[in-house]
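Chain IDs A, B, C, D and E follow the sequence of writing; residue 1 opens each chain.
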Amino acid sequence: MNEFPILTTILLLPILGALLLSCLPPLAEKAIKVVAAVIMGAVAVLAVYAYGAYDFAVGGMQFTQNIPWIADLGVNYAVGVDGMSLPFLLLTALIGFSAVFASWNLEQRPKEFFVLLLILLAGVTGTFIVRDLFIFLLFYELVVIPIYIMVIIWGSTKRVSKEYAGMKLTIYLLIGSAFMLVGVVALYLNAFPAGARTFSMELLAQAHQLGHLSEEFQIFTFFLLLLGFGSLLSMWPFHSWSPDGYAGAPTAVSMIHAGVLKKIGGYGLIRIGLLVLPLGLKFWAPLIAGLAVVNVLYAAFIALAQKDLKYVVGYSSVSHMGYVLIGIAALNGTGISGAIANMFAHGIMSALFFAMIGYVYEKTHIREMDGLGGLAHQMPRVATGFMLAGMASLGLPGLIGFVPEFTIFVGSFGRYPVCAVLAIAGIVFTALYVLRLLANVLFGPRRPEFDRYRDARGAELVPLFVLGAVLVAFGLFPNLLMQKISSEVSTMLPLLASLQDAPALWGVIWR
Amino acid sequence: MTELLGLARLSAMIREVLTLFLPYPDVVDFIIGLVGIAGIFGVIFTAALVLVYAERKISAFMQVRLGPNRVGPAGMLQSFADMLKLLSKEDIIPCGVDRWMWMLAPVVLFLPAATVYAVFPFDDGAVLADLNIGILFVMAISAQSTLPFLMAGWSSNSKYAVIGGMRTVAQMLSYEIPLVFSVLGIVMLVGSMRLSDIVAAQQNIWFIVLQPVAFVIYVIAATAETNRAPFDLVEGESEIIAGPFTEYSGMRWAFFFLAEYANLLAASAIAATLFLGGWHGPFLPGWLWFFIKVGLMIFLFMWFRWTFPRFRIDQMMSFGWKILLPLALANMVVTGIGIFVYRLWS
Amino acid sequence: MNFSLIVPELLTACLAMFLVVLDLLLPGKETRRSLGYLAVFGLLGILAVLLGQQEASGAFYVNLYTVDGYAVFLKALFLLAVALTLLFSFDLIERLPRYSGEFYALIVFSVLGMMLMASANDLITLIVGMGVMNISFYILVGYHFRDMRSSEAGAKYLILSAASTAVLLYGASLVYGYTGSVQFVKIFQAVDPSPAMLGGMAMLVIGLGFKIAAVPFHMWSPDIYEGAPLPVTALLAMCSKVAAFAVLLRLLIQALPALADGWVAIAALLAVLSMIAGNVIAMNQHNIKRLLAYSSIAQAGYLLCGLVAADQAGVKGILFYSLLYVFANVGAFAVITVVKLHSGSEDMAAFAGLSQKSPFLAVVMTVSLLSMAGIPPMAGFAGKLYLFLAVVERGYLWLALLGFVMSMISVYYYLLVAKVMYWGEPADGRRLEVGSSLKWAAALSLIATLLLGVYPGPLADAAAWAAASLF
Amino acid sequence: MLQDYTLIGVLILIALVVPIGGLVASAMVQTRKPGLEKSLPYECGIDPIGKSWIQFKASYYLYALVFVVFDVETMFLYPWAVQFQQLGLFAFVEMIIFVAILTLGLWYAWKKGALEWK
Amino acid sequence: MIGLEHFLAVGALLFGIGLYGLLSKRNVIALLMSIELMLNAVNINLIAFARFVAPDRPDGQVFAIFNIALAAAEVAVGLALVFRIYRDRAGIDATKLNGMKW
């Protein structure tokens, strides 16, 4: 316990940064941006260090810290990372770092923007590293408010007004979380008898083993959680906030939101849904799989019909989340590993996507595909970023997207063959809309009206390099990622195995 | 001599006689009480007749003229003549009045005027009901006479009456407060609200000496409470005809009149009891002393009437609230301090 | 007699009268802003005195008046709530037709009444405290006498409240008659569930239930809340309700534990009715004050859950929740004040586009409303958790579940307001004028709401300490 | 004690009977000649104009309100005054405070013009 | 002899009358008067109890005195408000107090 509290530092740095920024004069734009960059840089370095320093041999939670927070409720400020949360921590730090640079040219009220950005990042980081459900909830909701404000102030009004987008996003997330709250409180009350109550995720996970949670209770509570996490993960039919929200949000928010925030949903489904309420997940898994297929296909179709770049990527992210869901629903080690990995991969590529769209829009003030074209001539660097993100998105081997998706298919095929096949079919549509996008925006004849726009340069290149490097590196060496994940998933295998005979929705209906 | 002619002795004699016929002491007490009640009504009616005459004579005296002098010797029977006239006058009920209220008003006015007499110590031991809250009873009951004025004024369907009724209420309410506060000093001195105790406490020294300010306040406030000049705005005939009584005539009017004189007598009796030592006095029997003092007070009130010009209503109101009330409060505090100083000193 | 025990009350009374005197001395034309600040800082000073002597506890004047942790906590709550309320309502008070000096004095008097109620340990003190509070509130509710609704609300409040007080008093007289004492403690000793005694207690509870505005004694509150001037509405929603709760808890828990089975069932019924009716009717309101009125009925329902628990945890939940409800209310009403001053209306429509005019205020409003709804990380979540937890421990799981479901329903109408603020287009382009003191109050409530939500520990400890003194 | 009040009750009864008796007696001896002119409300001889139940100036009500407050305070003062000599200095100081508050009220009413005949 | 029950009966009757008036009258003044009746019923109860149940302690009487003071203050404020309403809309019918919907 005497070691350096690395996770707390990661968590506190952005908050300290936010405080520091709020003390700076609002006109010192440069200083504000530099401070934010330095802070997030430090966070990224620490996160990378943590990623590297995690000891597989030992496994489990590491870098832990445990401070009693609200004694009478059994709430502890407990942090720690394991193989499952590490990728998300890294993801957050990298995207956060990139997001600062993606907003480098922001001119409207930069001080407030970066303050909120840092708070947002602190919140997101918090959700991934805390091991206490109560604190998890606090961070979870803490995230919503800065997003809300950032969308309505710095967002852009295109197809829908930014107020509409911000509000829709908030309402969906809040209502989803409201159901989740009920579930969590019910869980808290039922897991342990009075006096021994706790919010600690690990202890709660033992409640199932101890037989404290009845099957009916798990089924009911999991459904409530599914509503919350599902809407965060943009599970159909709770997805519609997502494209609108991305379209309305400023670049950095889109990046963080698509890249990291959504993943809280998937993370929560595994961390709480699977580990704490396994019987519930098992029961609802067929439904999740079914909805996941709808997610994949429906969103891909819609994406095909979109003209606005952000909407294309927005629906694409909804579609990708379908894969994640199907991986979770597979309820085997492979599927779950794939789901986690896919979330990481999608985070990186969608962040890169949004960053690039942000550059294009910032320079040309056009987001419609029809108005763009041939940008590869004028902006080769941006085009490279687009290409990387697009190829990763359609699962090109050698890039980050391939291995996770493949793993998911392998995992889910055994359990839901029809769904898996349908989802694989979805890849075709993905390829279609990604290629259409790339073709429409980047290629084609050189358009002279874009000649006056300069390519991304200087600080703007940071997101491209950082995210692109990860994209390629993790694509070429998937073990960097998969090893961590599977080390953690392997500890879940006994649990998964014990679920084999538990009743599931389909079974109930067939019978 | 004083004992021989005292009312207490009278009641003792009656008791003796009655006990011969009736073996139940309760019933005897009750009958003696009834006799007392009869006495009280006798006093009220006699006083009304006398006072009507006296007022005319005194006003005439003040204005250096004769006053009533035709009916009976020196006009002494004038009051009886008036009474007969009023008795036989036609009872007109004006159209548009609120009938019940209008008819009830004179009756209701007479009630409190008569009831207060129950607690007056006319003589040593001659009290109809020697209540331990005597003075509070007096204050409470006499305050009730506000209501019939308002009833009469309001129900008469006449502008003068309405204005008169409103004025009465305003005036009587305003002077009620200093009146009540002025008596507090005496209660503090005596440590009892029983009127006989208060009288007994004045054996050696009258409270007019110890509470001169209270006396002045009381007299002024009582004048206003009885709606007498210079506070007769209620019925000031040059302003609002006769105020609430404008529409009354005959016997009904007579009862207003009767009640007014009963009130005057009561106010004087209270003053005599509280400030002038009640029935205390040398040589003469107590009840005689009492009536002498009451007579003096009545004379004082009548003197006022023919000496001071009538107040304007705003003057009257601000006088009550801004001068009398603070004065009464100050009097109370000073009395308290005085008592403490006296205690320390002795 | 240990007078140091009642120093805060004495100071409050002095402050109120001092305000009256100063108001008379100041020239007539001057705005009474200085008086307002004096009131605020005076109350805060009294709060400091109160907290400084929190160790002092004991009974004053043959048990008529007790000073214990419970009372101190509630008094601190009242002082804080009123100080904050005054802080945000200066501008509004100065727009009242006349007599803004008295407004401050009356509010301070009402605080005095509440403080008396918090400490009341016998029926007489209870009646006196309640009377002082009530009468101040009658005047305050009808204060805006150019506004017909205000005087109408004042009259209605007076009649209904006085009637309920009469019922309460009749009950009190019966209780006194059958126990021979007015002290709560003696009532406890003499308890003998004869029908008359039970009837008396029932009438007492009905009278207090009216003040709490628990269904079915709630009919007055929407109208009164709508008609009263804004700061008064705020105080009615927070303080008068909590003051009545203070008495109810002391009376039932301290004096009548023997009859707990009976009144717990009644409290549970009232809680259910209040939560359901308050939340359901609130969904259909367009006037923001009415909406908050119904919402406060629902809040009374949540608080009643703590009474159902009838143990230390329940009381702690009530105390904790009351305090955070104060902060949420201050935030919400501060924003409503701005909107009212700006547009002259309290309709939901007047909030349209507030986010564009003042993002800060929109955030304050949203956070406050979400705190009332009980969404983390706002304080309301922790509060509801404490309350429902206490209920569950006693085996009323269904009540807690109902409470949570109702909280979720409430999210709907709270978010409607947020929707209007962020979604709607502002009706005009005028700049929003926000006084600096109002900003302070709003910011304070915002910070407190968030802080209590994230780190409720110390306050929960304080509430637990206060609750412990009741048992 | 009770007998005292019984006597007072009898006194009140008689006081009620006396005026009624007077009215009855008067009714027996008087002559009646009703007429419209006679029964018109008095307005200096001309026909009455307008309604007589008119709205009155606020001052009347203000005085009444101030009265209610002050009158009830005396209720606290009288019991105190009776026991004054036994209670000692402490109660006296308390009552001075009470009177001071009362005076404050009076001053307030004064300053605010409630005692002005407007 | 007159005992506690008689006083209580009077109190209850008075309270009932007040309650009836409160529920049936429409004039605000009448409502105030009904409330006064109820409060006076309480006072009768208190004094009777003080006399018969606990004659050694002054609790009941003190209670009653405070009651009276409170009732007076309530009425003073009530009348002021009624006066205000009367001036504003020339009528004090309680059913007309409907500027706001219930």
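As a working rule, a residue touches a chain if its C-beta (ideal position, glycine included) is under 8 Å from a C-beta of that chain, and two chains touch if they have at least 3 such contacts.
By chain, with names taken from UniProt: A = NADH dehydrogenase subunit M; B = NADH-quinone oxidoreductase subunit H; C = NADH-quinone oxidoreductase subunit N; D = NADH-quinone oxidoreductase subunit A; E = NADH-quinone oxidoreductase subunit K.
Quantities reported herein were computed from a predicted structural model and do not represent experimental measurements.
Visitor: Going by the touch criterion stated earlier, list every chain that contacts chain C and also contacts chain E.
Guide: D
Visitor: Could you work out which chain's C-alpha centre is the most distant one from the centre of chain A?
Guide: When every chain centre is compared against chain A, the largest gap points to B.
Visitor: Could you name the chain whose Cα mean is nearest to the mean of all protein Cα atoms here?
Guide: So the chain sitting closest to the middle is C.
Visitor: As a test of understanding: of all chains, whose mean C-alpha position lies farthest from that of chain C?
Guide: Between chain C and every other chain, the largest centroid distance is to B.
Visitor: If you tally C-beta pairs in contact for every chain pair, which pair wins? Let me know.
Guide: B-D
Visitor: Report the inter-chain centroid distance for chain C and chain D in whole angstrom, where each centroid is the mean of the CA atoms.
Guide: One centre to the other, that is 40 Å.
Visitor: Could you put a whole-Å number on the gap between the CA centroids of chain D and chain E?
Guide: 20
Visitor: Using mean C-alpha positions as chain centres, tell me how far chain B is from chain C in Å, no decimals.
Guide: 53
Visitor: Let me have the rounded angstrom distance from the C-alpha centre of chain A over to the C-alpha centre of chain E, please.
Guide: 67
Visitor: Would you mind listing the residues of chain A that make contact with two or more other chains?
Guide: none
Visitor: Residues of chain D that touch two or more other chains: which are they?
Guide: Residues 64, 71.
Visitor: What residues in chain E touch two or more of the other chains?
Guide: Residue numbers touching two or more other chains: 69, 73.
Visitor: Run through the chains and report each pair that touches.
Guide: Pairwise, the chains that meet the contact rule are A-C, B-D, C-D, C-E, D-E.
Visitor: If we count contacts the way the header does, which residues on chain B are in touch with chain D in the complex?
Guide: It is residues 26, 29-30, 33-34, 36-37, 40-41, 86-96, 106-107, 110-111, 113-115, 117-118, 128-131, 136, 154, 156-162, 166, 169-170, 173-174, 176-177, 180-181, 184, 187-188, 191-193, 241, 246-247, 250-252, 254-255, 313-314, 317-318, 321-322, 325-326, 329, 332-333, 336, 339-340 of chain B that touch chain D.
Visitor: Looking at the complex, which residues from chain D come into contact with chain E?
Guide: Interface residues on the chain D side: 58, 61, 64-65, 68-69, 71-73, 75-76, 79.
Visitor: In the complex formed with chain D, which residues of chain C make contact?
Guide: Against chain D, chain C makes touches at 17, 20-21, 24, 99.
Visitor: Sort out for me which residues of chain D touch chain C in the complex.
Guide: 101, 104, 107-108, 111-112
Visitor: How about chain C: which of its residues touch chain E in the complex?
Guide: So the residues of chain C in touch with chain E come to 123-124, 127-128, 131, 134-135, 138-139, 142, 145, 148-149, 151-156, 158-159, 162-163, 165-167, 169-170, 172-174, 176-177, 180-182, 219, 222-223, 226-227.
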